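Look for chain A in each of the two complexes below; its partner is chain B in the first and chain C in the second.
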Partner chain A sequence: MADKQEVLQKVQEILTDALGVDEEEVAEDASLVADLGAESIDFLDIVFRLEKTFNIKIPRGDLFPEDLLSDEQYVQEGKITPEGLKVLKEKVPYADLNEFEKNPDVSGVANLFTVGMIVSYVTDRLAS
Partner chain B sequence: MAFLEIFMRWFLIDKFIEIQKGKYAKAIRNITLGEDHLHDHFPTFPVMPNSLIIESLAQTAGILAGYSEDFEQNVILSKITKAVFHRMARPGDQLLLEARIVDLRDEGAWLDASATVDGEMLAEASLMFVHWRGELPSGRPLSNFVFNEEFVSFFWANLAPPSIKEKKNSPSAR
Partner chain C sequence: MRLEDKVAIVTGGAQGIGRSITSTLAQEGSAVVITDVNKEGAEALAEEINSAGGQALALEGDVRSEDDAQKVIDATLESFQHIDILVNNAGIVRDYLVISMKPADWQDVIDINLGGVYNFSRKVIRPMLMARSGKIINIASLAGITGGRGQANYAASKAGIIAFTRALALELAPKGITVNAVAPGMVVTQMSERVRSFTQDKVKSLIPLARYAEPQDIAKVVLFLASSDADYITGQVIVVDGGLGLGPRW
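Up next is the complex of A and B:
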């Protein structure tokens, strides 16, 4: 069973390398986009590094469900629809959606992707 | 002229010395005072810009990634994860450019590259390339625009190291 603290430490190393940020910036509640300056291409890089470091396979859209945002059923007028929120909850059970639900603006989705979310995802994957 | 219009690229490597499919490549690039841009960078003190050193490394790494997949993918430089420069590159220097594949997968390629002059480290970089398989707005699939036919024939005629040319031409390899 993987120790969460151990996973956090490795995730911090990965993000330090992938995003060129200082290790102390990579706090558990830091948002990848807003706080650490991640861009879309970085998500591909992060997934690659997680797979390599933890020796797991992360199916596309499993950790960062970006395809959801281009589906009209789930996004209308720049907001995530109730159906979209349901899918988002299923797909990202690791993210804290309580605040987001009050204003489900598409631009806020990226802020759901935090360091802690990656740690929870990896810890679960290693445990299963 | 038509050839130039289609094909004119800014090559920042002169030739490959070695290419090992899926693994490693070594290329050279001679810096000369005949390059116009060096006269402005900087006036009275010519230095090859670091951005162009990155491009040299990216060409070495990108062509290695492309060759490893028989030039069938559009290999696009998408991220410079790391770039460290240890010294200046000046006219008369011969850059030895080396690239190593860290991983080559369906989505893209991850490589480490370095440039040395006379055994002295000049620059190190970690580069990420993606495989672009998009389609045009008309729905037509995107053809291979990175390693197009002109590039591939130019590569075999001018850039490829003798070792892989021999392999390509030997009947048993076909």
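Up next is the complex of A and C:
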């Protein structure tokens, strides 16, 4: 079983490579979009590299549930609905939604995706 | 040699414009994977290239099939380890006035011409992303820009390819992958024979350069886009029509 620190180190290498940032910038609490400048294609790139590095299969929407944002049931007037928040919690239990819930604006969803979230996801996947 | 150590997949690569593209890329040093529904034609061309000292692999495949696309990508990676160039060339015509065009005539053209580009591009993104480089070249048509009487299905599919090219270019540019299109005018191939004979060569009189294109005219532009000379070009459509699309002349 992979140790969380070991996973973090590999995730840092992946993000350094995928996003072209310095390793020091890839802190556990760094947001992929706000701090590391990730664009939509980068999420796909990151998923591919995680799959290859850790030899796991990551189903679409499992790590980054972007599909949720185009579902009218979960997004209304630019905000995630209570139902959407429930689904989001289920899909990304690794993300810290406490602050986000106060103002569940769609534009803030990307900021939930942090380095630490990826590390938790991968660690759990490797353990299961 | 402009494509030494490169690996290219050419869909519909066994005949017409595709055959010329395949041969041209191979002559410039690229290993080529010829995928075509015409298995015998693909195998014969691969044999020809291999006999001449090149590297070619023939794979039967229908561009409409997501599974076939994946199999071609997997087989290419297994044989050559990387994919540098994808030429989405496979296409058909089913020319009828819209009023006479059956739903199957519409759907087949859209599924093969446009759906095929989607299928193969989608499957090649992963290996190109991992490699941080790649060139996707889509064969569109002048008809996709100007339309064409009796070609609503074909013109729509080619216009779709042009829009797809621009959209995908934007998506993949941050990862060093370029996506461009070549839009041929009237090319001397078996596929265009019906139109050329039906119009009794009237189209030729409208071409400022006063001749139809040969497949090689298109292949040379594909070679340019596949080479490092075109590293800074993405999302573009290069029209290769002898000036046909320029409109009325006086």
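Everything that follows uses one rule, which is that the second predicted complex is superposed on the first by the 128 of 128 C-alpha atoms of A that agree within 3 Å, B and C clash if a C-alpha of one lies under 4 Å from a C-alpha of the other, contacts with A are read in each partner's own complex, and residues count from 1 in each chain.
Here is the rule we use: a residue touches a chain if its C-beta (ideal position, glycine included) is under 8 Å from a C-beta of that chain, and two chains touch if they have at least 3 such contacts.
Keep in mind that this is a model prediction, so the values were computed, not measured.
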Simultaneous placement of chain C and chain B on chain A, clash or fit: clash
First (chain B), second (chain C), both or neither touched by A:L44: both
Partner chain(s) touched by A:V109 [first = chain B, second = chain C, both, neither]: neither
Contacts of A:L36 with chain B and chain C, given as first, second, both or neither: neither
Which superposed partner A:V92 touches (first chain B, second chain C, both, neither): neither
Contacts of A:K52 with chain B and chain C, given as first, second, both or neither: both
Residues of chain A that lie at the interface with chain B and also at the interface with chain C: 41-42, 44-45, 48, 52
Contact set on chain B toward chain A in their complex: 78-79, 81-82, 103, 105, 107-108, 110, 128, 130
Residues of chain A that touch chain C when the two form their complex: 39-42, 44-45, 48-49, 52
Complex interface listing, chain C residues touching chain A: 125-126, 129-130, 171-172, 174-175
Residues on chain A engaged by chain B in the complex (per definition of touch): 17-18, 20, 41-42, 44-45, 48, 52
